[in-house]
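Read through the structures below before going on.
Across the two complexes that follow, chain A remains constant while its partner is chain B and subsequently chain C.
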Partner chain A sequence: MAGVPIGRRNLFSERRRTFLGIAGVGVALLMVLALDGIFAGAMREVSRYIDASGADLFVSQRGVRTMHMSSSSIPFAAVERIRMLPGVRWADPILYDSGAVTASEERALTYLIGYAPGRRGGPAPLVAGEEPGPGEIVLDELAAGTLGVGVGGRVETLGRSWRVSGLTTGMTNIVNSVSYVPFDDFAAARGLDGVASYVLVGSDVSTGVMVRRIESATGLTAQTRAGFSAEEGRRVKDMSTELMQIMTFAAFVIGLAVIGLTLYAAILSRQREIGVMKALGARPGRLGRIVLSQAAWTVGAALAVAVLLALGLGWVLGRAAATLPLVVEASSVVRVAVAAAVLGALGALSPLIRVSRVDPATVFRR
Partner chain B sequence: MGASVPLARRNILADRRRLATSVLGVGAAVALILLLQGLWGGFRVQISAYEDNVGADLFVGEEGARNFFGVPSVLPLDAVSTIRTIPGVDGADPVAVRFAVLDLHGRKQSIFLVGSVPQRTGGPWDVVAGRAVGRDDEVVVDRSLADQHGIGLGNRIEVMGESFRVVGLSAGTRSWMAGFAFTSHAAIERLLSMPGTTSFVLVRTAKPAAVAEAIRDRTGLTVLTPGELGDNDRALLARIMNGPIYLMLLIAFVAGTLIVALTAYSAIVERIREYGIAKAMGARRGRLLRVVLGQTLIIAVLGTSAGYLIFRGAAWLVVSLRPQMWVRPSLVSVGGAIVAAALMAVLAAVVPTRRIARLDPASVYRG
Partner chain C sequence: MDEFAIRAERLEKVFGEGVIQVRAVRGVDLEVRPGEVVLIMGPSGSGKTTLLSMLGAMLRPTSGRIAIDGVDLAALPESRLPEFRSRRFGFVFQDFNLLSALSAVENVEFALNLAGVTGRRARDRAKRLLLGFGLGERLSFRPEKLSGGEKQRVAIARALVNEPAVILADEPTANLDSKIGHEIARLLRRAATEEGRSVVIVSHDTRLKDIADRVLWLEDGEFRSMTEMATDPVCGMAVEREGSSHFAHEGQTFFFCSAQCRDEFAAKPDRFAERVAAPA
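Right after this comes the complex of A and B.
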């Protein structure tokens, strides 16, 4: 008896129903995977500028630990102090603000970076044109596409007109893109004098040593590039926690209902066979294992379906909506797998009760 | 086989436990659709809370300004005195606004910093504890944000490296994205190292249209009504959020459809012999298809009703546990959920219908 995979055979005896059940649980799990994937994609995108900057450290106004949705102001004197510190290979200031770039009737949200062309903090890589000269701007190619402009075109931002000198890539996300203008032009447009927003630092000594050295010399906040990037990720994560909890709970309830229905229907349709097994002396433990094996098959197949659908969705979004990346991470799959296992166990409860109550005499009824 | 036999109802009600599970599943999907739309609706209301409540008739921003959130406007502070001289202007006050991120208990909390001149227009409109800001090192924070992080009156919080004393708590000044923190205009100028600048000038007037025209002519700045500014912010937010929200709604819809299909299909498979007999006795295909559709519609109707109740409970729970999240479903969204449930019923009927359509009446007489 032990060698006959009754649970699996029973489950797959009515293939359409099993398919509907697996698809239902799979779609419920997909909900969590997709949401996880969208936030993972957003987190990856949101720190793209920081990650690609080439800086070992970022220095900001004291108490400012993030870039997005933040403001930072550093006096130029502090930039000079940083440059003088032993172990500092280079230190380049940037100006930073959020804004919108417009052309004709089109408008694209952007983070504006003011940097000294030829120094750090600018666009990398350029896919067309060149670094911005006075009165010029570099746009991300997706944003330029939205605006309908190319190299040589004109756009408006910071209250003035700019000529597009070059295009960069990979700097557009679900919220906005990154655009680059010369530092001095940015300062003049905003009426800023003698201040920077952040300082990018290249270090010849360990970044931990350099963080302490800069903070004690300037009173500013210094972070490693990885640390700064991680702070950005935490901001997105902390903003989205509540929403994630709600969505995950709803997906859990939906998945629970589907798995309960699938197992319940499978048991109900084989009530007579279960009665026969009971009449032949099958113990409750054996019958329970049949139900649990059905739950495991359903959940396992549903998880595979969910992962495949999420990967497919990510592929489609990557082509149809490049600013909405969906990244399926292994940690997310593991979390969903654990939740799915719990779902399977809970979903099996009602069928288990049903099995325990099957009367062996059922066999003789028609 | 008379038309008076309610086959669909009898079939679907034959197993109450399965029906209850199905209704719960469809209900959860419908509730999720309603909750997502309700949260989105609440967020759309919250996004313009400042413009709607601060008491200004017009907002004057830098040339080309369209949004209060997300896209900063920077004006010279002396624009305020220019605007005050324009006939019809009853009052004009500057307000400086910026996003900031606080570290509270190791958690990142985004806030929207608003700096206004004490005792003038621009500060919190509903201070529920303590008082308004009087000094440059004082702050009024949203009550739910304060509760969430254990911040009380008299406590100090650090904003962009400077310490501020909490002197008041405000209500209706929080959204899922960020909570408001109100301080003085001078404090924001200092924090941003942008002395002599502001973000918007809030204008009070009895003749908004004429005064808006006059301000544009005189200053070249952009003048918007609170309604226009709110609509622009909602449109900005929609551009960002529509993609993920529609994706989630679609997945919830597919999940609900599959649950209805699974239940109807299971009910039909269990009674497949009876359907065979009905076919053998001359039941037409249309009649049998109506039976299937009847079953899926019953599940959809019950599921939608359950979904609405689940949604009400979930909305209450969400608002109780997370006061920063407002749930405001619109009639359109409720209507949309009903239409979605009807669509679920129709789509879910496809698979069971195919099963019955292919059923050979002779199968009834086989073992």
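Right after this comes the complex of A and C.
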């Protein structure tokens, strides 16, 4: 059994100040968690098409590793070579581009996928209507809502008009959505002939073996679905890293200021008592532990508050704004906990210096 | 082992330099035996607090030597002084100086923790001591819920719990009424008589003379002979006979800190005369 927990007692005897401090640090940590969570949510959405495609592998033009911000072109001859390879269960080409779908005055950014209806790479799951026939398009239900159209409505993209034949779900994220048109219509609208953007492959052998087999036979780049999805996430992440770093740093500075001021005020208000403790024989290490325990309690409680609020916020956003999912990942909590520990240690520095300077002889002064 | 619990020799403390130099304590010698109560009196600014700080190992003297229980304080490195204080000294303060976030029993327990006693052992010992001081009903009370007398009893329990050789008390009765003040004085006397502790009290309270084995007068940083001192019958302050206002009444001479006190006495001498136990 340890000694009297004086750090905790001191901290929580000033409830209002302590709770304000915890709330301040908690909000700062929440900012980091929420940013992380929104980013994690966006990452999941960004690669949703790839993850839901059902393909074991994605084949692209040599050196092309993502869909986002990429252009890939594969001749049909290569598609046929892939189909002939042993262990290939199926291989379906898709066309891909990013653009916008418009209706009346409304506009929704979209990834456009051209696929052969009845084959892989199309809309899944369909929640209304059917796969697109010639001159038809399938939209995500949220994008359709934004455009104010439903099944049977008309939209513009790729420089022509399309009839909405069906709606998917879960394919809209904070940035854009995914729309599907027939492969041949896509090619005609873009003036493409005999090429695909990517090839989706189903494999009967291990994906590692199949990657090597396709790459040596065609000279193209093949990746597993998970690898392709991770590359996609990394590409988007790289583009947002600086912004995330700036916002995280801002939140960190706010948290540092709050915890520093909270601990400093707590020590300042008990300066005489620190002197008493020194007079009674408290060693510097013991006094340091008192300050650090106050810091630990503050950041620990603040972290708990931040995690609970982030989970609550994620729940609310999940219901109120489907395009803005907030996913609190364990890795994110661990990262923020480490940051909080650093925050606490830094915030305790100034109070520690103050404590070290208190003269025990002050107890005899009035 | 030294026969004295406290032995201070030619203690000097000088603050500042040049024209702002102040000699707060000048060549003080003090020896206190185990079980002895020494009361140090003197006017404000006479160096009492500085002397107490030095005796309590919180302030290094400019020159001179202090030995506590035979241990020369100058020989102890700074890093060992806190541990030395926690085991060899008990402190009692005018403002009680209890730790406000802790309960009565935790305040006493904390002093034990500082001396290396923790856990149930510390808690039980702190409880036993407070029970002995009649504070059994107040163990879990925080200082704000205790009366002045109760706070000072907790403070004395805290001072005694590590069984120190020396108790240093700074105006221990100043914020208490006379009945409680007397009780606190009795506790300090008991610590000396029954437990053999050396008690050094710094105070303006002349009532504490009753429990003191010796009374010393500190003025301008030096001890003066108490035979040169008298008590002002009006305000109770100790005053030097030489050079102070005085007044003769029924064959006795009374000494005053100021002309105002003398005039007040002169107006109704019988009202004040009996306050002074043995005027010269």
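Note that in this section the second predicted complex is superposed on the first by the 358 of 366 C-alpha atoms of A that agree within 3 Å, B and C clash if a C-alpha of one lies under 4 Å from a C-alpha of the other, contacts with A are read in each partner's own complex, and residues count from 1 in each chain.
Following the convention adopted for this analysis, contacts are C-beta pairs under 8 Å (C-beta built on N, C-alpha and C of every residue); 3 or more make two chains touch, one makes a residue touch a chain.
None of these values were measured; they are calculated from a predicted model.
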Query: For A:R286, is the partner it touches chain B (first), chain C (second), both, or none of the two (neither)?
result: second
- [ ] Give one of first, second, both or neither to describe whether A:V276 is in contact with chain B, with chain C, with both, or with none.
- [x] second
- Now for A:P360: first (chain B), second (chain C), both, or neither, which partner does it touch? second
**OP:** Identify the partner contact of A:V258: answer first if only chain B is touched, second if only chain C is, both if each is, neither if none is.
**Re:** first
Between chain B and chain C, more residues of chain A are touched by B
Quiz prompt | First, second, both or neither for A:M69, with chain B first and chain C second | solution = first
For this session: Would you check which partner chain A:V334 touches, where first means chain B only, second means chain C only, and both and neither mean what they say?
Result: neither
On chain A, the footprints of chain B and chain C overlap at residues none
The chain B residues in contact with chain A across the complex are 15, 17-18, 21-22, 24-26, 28-29, 31-32, 35, 39, 62-64, 66-67, 70-72, 74, 76, 98-101, 103, 107-110, 158-162, 176-178, 191-194, 196-197, 236, 239-240, 243-244, 247-248, 251-252, 254-256, 258-259, 261-263, 265-266, 269-270, 314, 318, 322, 324-325, 351, 355
Residue set of chain A touching chain B in the complex reads 14, 16-17, 20-21, 23-24, 27-28, 30-31, 34-35, 38, 61-66, 69-73, 75, 97-100, 102, 107, 109, 156, 159, 174-175, 190-192, 195, 221, 231, 234-235, 237-239, 242-243, 246-247, 250-251, 253-254, 256-258, 260-262, 264-265, 268-269, 313, 321, 324, 350
Listed in rising order, the residues of chain C that touch chain A in the complex are 49, 52-53, 56, 58-59, 79, 82-87, 89, 91, 93-95, 97, 99-102, 106, 109-111, 113-115, 118-120, 122, 158, 170
Chain C partner, complex, touching residues on chain A are 1-4, 6, 9-10, 12-13, 270, 272-273, 276-284, 286, 359-361, 363-366
